[in-house]
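Input: a single structure, listed below in structure tokens.
Order of writing sets the labels: A, B, C, D, E and F. Residues in every chain begin at 1.
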Amino acid sequence: MYSLTVRRHAFVAHSLKGDSFGPARNLHGVTLIVGAEFRAPALDANNTVMDVVRASRILKDVLAEYHYKNLDENPGLAGVPTTMEFLARRIHDGVAARAAGRFRGGLKITVRESPEAWASYEGEVAHRVKAGTKRA
Amino acid sequence: MYSLTVRRHAFVAHSLKGDSFGPARNLHGVTLIVGAEFRAPALDANNTVMDVVRASRILKDVLAEYHYKNLDENPGLAGVPTTMEFLARRIHDGVAARAAGRFRGGLKITVRESPEAWASYEGEVAHRVKAGTKRA
Amino acid sequence: MYSLTVRRHAFVAHSLKGDSFGPARNLHGVTLIVGAEFRAPALDANNTVMDVVRASRILKDVLAEYHYKNLDENPGLAGVPTTMEFLARRIHDGVAARAAGRFRGGLKITVRESPEAWASYEGEVAHRVKAGTKRA
Amino acid sequence: MYSLTVRRHAFVAHSLKGDSFGPARNLHGVTLIVGAEFRAPALDANNTVMDVVRASRILKDVLAEYHYKNLDENPGLAGVPTTMEFLARRIHDGVAARAAGRFRGGLKITVRESPEAWASYEGEVAHRVKAGTKRA
Amino acid sequence: MYSLTVRRHAFVAHSLKGDSFGPARNLHGVTLIVGAEFRAPALDANNTVMDVVRASRILKDVLAEYHYKNLDENPGLAGVPTTMEFLARRIHDGVAARAAGRFRGGLKITVRESPEAWASYEGEVAHRVKAGTKRA
Amino acid sequence: MYSLTVRRHAFVAHSLKGDSFGPARNLHGVTLIVGAEFRAPALDANNTVMDVVRASRILKDVLAEYHYKNLDENPGLAGVPTTMEFLARRIHDGVAARAAGRFRGGLKITVRESPEAWASYEGEVAHRVKAGTKRA
């Protein structure tokens, strides 16, 4: 099994609502250092799992929803505890949607909020039928 | 699959008895940088694999047996080569025992002794029947 | 010249008001990884620049003003661009005030917001006359 | 499952031929930071997956083919895009061949070219019948 | 004294001619992880030593001369041992020239070729009289 | 001003005697990650502050007194609190003595015991008159 990983970061504010969160209930912020690992059982003709520049661009595009943002103001996240685990999953689904046109395989997103704590979500990217290529 | 990882360190002295260990047969010491990765297929109601503060506290409690200690003086480790691999397993079992009340899933302990070498042990945490909750 | 450095982090939200700041004008957040370096030309009787546990505790106490906070809600910071450089200076002054009872020498605070950017402020800690020890 | 990982680096020049590679088509160079992770379900009598000094030596021996070299001048690599993924596989096979005499289990090679990008290959090491030990 | 540091990397090939260089005489390559530290005794009206985006852009522009290049083919470097120390100085001078229009103060360039070795050059940036602003 | 830094580590056991040291009074151990920074105002004919291989070798030779050792058994350290600051000074003096034959300039030793704490000592290396070269 092969993998390729790219890394970027995002500066986000958020608060975690719920009795169990302690000081994280306050509005605060974190630097999310995000790794996107693409896995495939074989390489393409260029000996790559995926083009590294394209992979990094996809991750950048997905993180744009979070970078320099306050997640509490994101309507799609209203009432949702935006934990590292949740964000890993959400970023995973965003990267998977964008990568699906050219990549099929495993995808693991790791989200690090400090040197002492990080989370991940790992799933599959299925080939999506691209627009204009639907068969009758 | 989701994961949450917390990291702490411990300052330990030990020696590795046995002909194959070379200079490590001397009493020496290492900073063990220890990661505890908890894995689960789904998140709880707080969107967490486990509360990060609680996870870190469990790891701290388990490392207390090693932190600022000479492992050669630990009766439970007499005659045992306390390699990184062995310590990863032992810390795993300690964390698993403490986490079992509220967590069920995979647990991977990584033990790093230098920037150039580390080891891990990965196993499962099964739900333990808690004291006072046994059925007749 | 000797030095001792301790490191901690804080999770802060803020926004940077002013035309020159681009996307940082949005409310967002960062993990500040903060190093406090104490410098002295000689060691004390314990062969330390300062007790490492005490140094770390002082840094923790100072960071409590920022950790899990939204700096935009801090009345003392109203209208102030809370850049890394500014925060390094402010943390410096807080650490200096707390350390002044027992430490005299150089103090450098480094504030890292991402793997790609950090800032510092370096100044002096003068001995403070402690309460109850003023001479007539 | 246990693992032991050792890490070394190599300084290599190369160019990536092919329309899709952009500036990487130029002759350039990278520091490859290479991790070799050995995995086994059980420990040996010394409580190790493998002797850490021996593991590091094997990795050093394999990297000697790349360290301080221009891969474009390696006849065995003529016309091959020497991507991180490809190098991870090739280093994997080299380490597997050398380790096969004494180790059986999983082997994962990770190759990091920058703080923002890395690749890996993971496979199995089967016991090899060593020269001179074949039975009739 | 304040500082602001930004970090980027460049992928370069080169060889070091001269009897004293051992295997580095071969054409090989390195990932240069380059930090540019700007130092000033006071902050500007934005509470910055320099705009962090602009600082990073300047470093990117200067590194473009080296990134994805073979230094042996650079006519300006013919016969010059392109050691880390030399490159730190040369990058320093390039950054200083570009920053001089708006920044005056100290500038330290650090060039890291591996986790085990790095070099730096530290000098001053003087205000340059900009084109079109010369006084009669 | 130029600098060159090399990094190595040592595995040491020790205890810190004295009422102020808390749990560090127990025999325990640390991985010391040691950087040796050599500073000079100009480069030599090879464009180096010092040969990087030679610098690393000197540091290795000096660390041999500590690596895989229990400092409590070192007669030269009897009754001495072997803090990071003290070790930085002692390693400094060892490196300075070995480097003095060919290097003159600043030398800073940094000793890191964990990701959260490190210390340094900085001094000068003066040219030593080498054996056999004394003038009458």
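Everything below uses one rule, namely that a contact is a pair of C-beta atoms (placed from the backbone, for glycine too) under 8 Å apart; a residue touches a chain by one contact, two chains touch by 3 or more.
Note that the structure is a prediction, hence the values are computed from the model and not measured.
Chains that touch both chain A and chain C are absent from this assembly.
Comparing the residue numbers each copy contributes, chain B and chain F share more than half of them at their mutual interface.
Chain centres here are Cα means. That of chain A falls 28 Å from that of chain D.
Put simply, the C-alpha centre of chain C and that of chain D have 43 angstrom between them. We define each chain's centre as the mean of its Cα atoms; on that basis chain D and chain F are separated by 33 Å. For chain B, the set of residues that touch two or more other chains comprises 115-116. Taken chain by chain, the contacts fit none of the simple shapes, being neither an open path, a ring, a star, nor a full set of pairwise contacts. Pairs of chains in mutual contact: A-B, A-C, A-D, B-D, B-F, C-E, C-F, D-E, E-F. On chain B, the positions that touch chain D within their shared complex are 16, 18, 20-22, 80-86, 88-89, 115-123. By the touch criterion given at the top, residues 9, 11-14, 23-24, 26-31, 33, 67-70, 73, 113-116 of chain D touch chain E in their complex. The part of chain A that touches chain D in the complex is made up of residues 1-8, 43, 46-49, 51-53, 56.
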